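The next part holds the structures, each set out as structure tokens.
You will see two complexes here that share chain A, one where it goes with chain B and one where it goes with chain C.
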Partner chain A sequence: MKRYLFLGLIYALALVLPLFIGEFWIHVAVEILILGLFAVSFNMIFGYMGQLSFGHAAYYGVGAYVTGMLMVKASVPLAICLPLSMIGAGICALIIGYFCVRLTGIYFAILTMAFGQLIYYIIFKWYSFTRGDDGLQGIIAPPLLFSVNAYYYFTLFIATAALIVMWYISESPFGYTMRAIRDNADRTRFIGINVRKYMLINFVIAGMFAGLAGALWGPFNRSIAPDLCNWHHSGTPVFMTVIGGPFGFFGPMIGSVIYTFLMAFITGFTEYWPLTIGLVIIFVVLFVPGGVLGVFENKMKGFRSKAPKSEETIP
Partner chain B sequence: MSEEVILKVEKLNKAFGGLKATNNVSYKMMTGEISAIIGPNGAGKSTFFNLLTGYHFPDSGNIFFKGVNITYWPPHKITRLGIARAFQVSNLYPRLTTYENVRQAILSQQKKTLNLFTPAHRLAKKETQELLEITGLSHQTNMTAGNLPQGDKKRLELAIALGNKPDLVFLDEPTAGMSGEETHETMELVKRLNEEIGLTILFTEHDMSVVFGYARRLTVLHQGTVIAEGTPEEVRANEEAQRVYIGEEA
Partner chain C sequence: MDITLLMSQFISGLSQGMMLFLIASGLSLIFGVMNILNFAHASLWLVGAFFCHSIWLRMQDYGFALWLSIPLAGLVLAGIGWLIEVILIRRVYKRELPEQLLLTYAMVLIIGDVIKISWGVEDRIIVRPPEVSGPVFFFGIPIDSYFIFVILVGVAVAIGLWWFLKKTKYGRIVRAAVFSREMVSALGIPIPRIYTGVFVLGIFIAGIAGAVQAPVGSITLGMDMAVIIQAFCVVVIGGFGSLLGTLVGSIIVGEIYAFSILFWPQGALALIFIVTAIILIVRPWGLFGTPMRV
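So, the complex of A and B:
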């Protein structure tokens, strides 16, 4: 119950946020939401399925390009573009995932990254269709969402809806089957589950929500470039999840708040942002391996029961 | 015991490199049987289970379960048809609770694992509680499986296998690491399952008192080959079986 109260408070705060902060920080808040959605979708594969996807930006990028191109070239309304972006990213995830779920561990990470780079190069090189390195400009949100505040509320609404859906999935029998596969894929076969099929379904769902996040990015930034698919952009949700904590649903969102806020703040007065985030990651990995959320959860569990340290139980 | 064949294995072979782990093994089980496979370490007992459940594919031979040829079927399909197994070294979901471990098997058996939008905690409540009670785990419901004591881990191992509502269950040393009393309790449960719901059971065990106390038929494996088969009395009287195995214990 306390948890819902806490979430309600955060949400109320998010609703009144534009009253208190300037336009620059509203921009940052939109970025936090979009990248947070991206990171939560990534964590469906990382935290719940136990595999590291290092090519998750590909689905984000495909989602951004589907919406961007439909809006610029065909003037399709944004409301129609969003589901189409999810479908587009989902189809890519289905094709790529078909091969990736055959592998686990480092091989899964490498293969997802290789496919991600493939998508990047296709978008980069196919100039006549995607305008390659020039990117797409002039992706203009509909008049109703033109002001930054309006776009903030729109993003908040879409991100909330997406988070609720992903939350339900994570708590469903399917979500628990993912945890089972993460904990012990072999045993899961012996309780009658086709592990690869389930991994593929999860991979596609995660890709679809990454695509949705990407779709929100274009009209916000008004332009997109192939770099959205590039491998260093795949690192963003990894960093966010490591900072926020992969073992709770909201961990990646917390990570996005910290990461995006820090980036906006630090790049304001120094160009050494990569150095800064590098130090933050080193600190988190060495001293708070469960991420921010992990620290909170351990504190709370300390009062209730002798909860195990999660690391101890990993075989 | 009915006279219906539930499992039939014909001339099963499996080699790992030069080692013949399963050598021309033929085997048959009737519905409702409770039998044991015994043999020294490395005799090929676990390999035999692995072949029957699709974990390894045989080099040659056939496996029929309920009249269906399940040779080369993947584990999940074999499980769906009604074979479950409990592992020798407990093979659980260490970060899920005892309750969630058992529920996972039950949800899978009820074909609810593709359900994306009903919270899992609302499903299979009664079945999970029942199974936890039967297997003597209800005091550990909310304990993380990785932190259970050894005996409870083995009990949970059994509970997961039963969660699949199998017709035939393989128990690979179900009492390994248990105290004398725990062993007795577990085997009494196994016996009850066999008698009351007619579950067909095949187990391996090192403890000879368990083997002779509970199995109605024994098969002795040695270097991947069946060297003796029959009632406990017959096997006890078999000279070769005594030489390779039973004699060691005496």
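So, the complex of A and C:
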């Protein structure tokens, strides 16, 4: 109960936020929501399925390109573009995931990365269709959402809806099956669950929501470029998840708040943002395993023992 | 399409492949022994190129400038590698894969900015000494003589590594550590020291590779980002931890690149990723690797 009260409080704060902050910080808030949605979708694979996807930006980019190209070339309304983006990213995830779920660990990470790069190069090189590295400009949100405030509320609404759906999925029997697969895929197979099929479904769901996050990005930024799909952009949700904590549903969102806020703040006075975030990541990896949420929950539970490390689990 | 063009393209692919081998061999060695995938490998390779340029700049009036800069850059990088291992990598031996990946990924970002701070954003160019600046002729086919030098360095490193791993006592210990860490450690051999040695050796080769790369074209910030992905592809195709596999994988990737530039320029890199993906799906342990931990 306390938890829901806390969430409600945060949500109320998010609703009244534009009244107190300037336009620049509303932009940052929109970015937090979009990238947070991206990171939460990534964590469906990382936190709940236990596999590191290093090509998650591909689905984000595909989502962004579906919406961007439909809006620029065919003037399709945004409301129709969003579900189409989800479907487009979902189809990509279905094809790629079909192969990826056969592997685990480092091989899964590299295969997702190789496929992600493949999508990046297709978008990058297919000049006649995607305009290559010129990117797409002039993705204008409908007049109703033209002001920053309106787009903020729109993003908040879509992100909330998506988070609720993902929350239900993660708390459903399906979500618990994913946790079982993460903890021990062999035993899960023994009780008669088709592990690959479940992993593929989860992969597609994660890809679809990444596509939704990407679709929201285009009209917000008014332009998109193939770099959205590139592998260093796949690092962003990984960073957010690790900073926020992968063991809780809202960890990546908290990570997004910290990451994006820090980026807006740091880039204000130095160009060396990668250096800063690199040091932050090393600090978190070395001294705060489990992320911010992990520390917070440890405090709450009186430093109860943490999630078991891999060498302690029974094979 | 005449034979001359194909031949010169083949040699160019071979030299590109050898360049990749120089990077990927260290990557594969570090992963094979330490089980750590070093994202920052190409970043350190780029640091090697910049160091080579700086050292070369100090003595460019002498004829031997480049030939001395290459080993010196390798040694500097070996020192940097040692520092990174002792300060950072050592702390994550027992951590899980994502944390190790993130640590080395964070190093990519840090090293990129450190290069920017230390060397600025301008491109650097090393003027090749006369021995390797003109073309040489094989049966009347002109071939860039620097390519021949790159191939020779690649072959030398391959033979050197093979000799080290198969014929020396330390090489045997390293191979034993790949096979079973517990057993080696039970025999009283300190594993951390082997790890440090392997990491330093890998980064030393990366430094040499960067220095050898430096005179090929200009040295540019961000070069490392494309190279690391290609090096991953090489290691995946050849198989993690296999020296022969890395050599074959490098030549495959180099030749795919060289020939697809000729026939299908847009698809050069895409083709490499497709081959990598197929290998990963069909044979995750690569052409020459041994099936393990899949």
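Throughout what follows, the second predicted complex is superposed on the first by the 302 of 315 C-alpha atoms of A that agree within 3 Å, B and C clash if a C-alpha of one lies under 4 Å from a C-alpha of the other, contacts with A are read in each partner's own complex, and residues count from 1 in each chain.
In this section, contacts are C-beta pairs under 8 Å (C-beta built on N, C-alpha and C of every residue); 3 or more make two chains touch, one makes a residue touch a chain.
What you see is a predicted model; the values in this text were computed from it and never measured.
Of the two partner chains placed by superposition, only chain B is touched by A:F190; chain C is not.
Of the two partner chains placed by superposition, only chain B is touched by A:I169; chain C is not. In the superposition on chain A, A:F157 makes contact with neither chain B nor chain C. Applying the stated contact rule after C-alpha superposition, one finds that A:F146 touches neither chain B nor chain C.
In the superposition on chain A, contact is made by A:A180 with chain B only, not with chain C. Within the superposed three-chain model, A:F265 lies out of touch with both chain B and chain C [touch as defined at top]. When the shared chain is aligned, chain B comes close enough to touch A:Y198, but chain C does not.
Shared contact residues on chain A (touching chain B in one structure, chain C in the other): 310.
Note for the complex: chain A touches chain B at residues 168-169, 171-177, 179-180, 182-184, 186-195, 198, 201, 305, 307-308, 310, 312-315. Residues 53, 55, 74-77, 79-80, 84-85, 87, 91-96, 100, 103-105, 107-109, 112-121, 123, 142, 144-147, 160, 163-164 of chain B are the ones that touch chain A when the two sit in their complex. The touching residues of chain A, counted against chain C in their complex, run 46, 52, 54, 99, 102-107, 109-111, 113-115, 117-118, 121-122, 125-126, 231-232, 235, 238-239, 242, 272, 274-275, 277-279, 281-282, 285-286, 289, 309-311.
By the touch criterion given at the top, residues 37, 88, 91-92, 94-99, 101-103, 105-110, 112-114, 116-117, 225, 229, 232-233, 236, 266-267, 269-270, 273-274, 276-277, 280-281, 284, 293-294 of chain C touch chain A in their complex.
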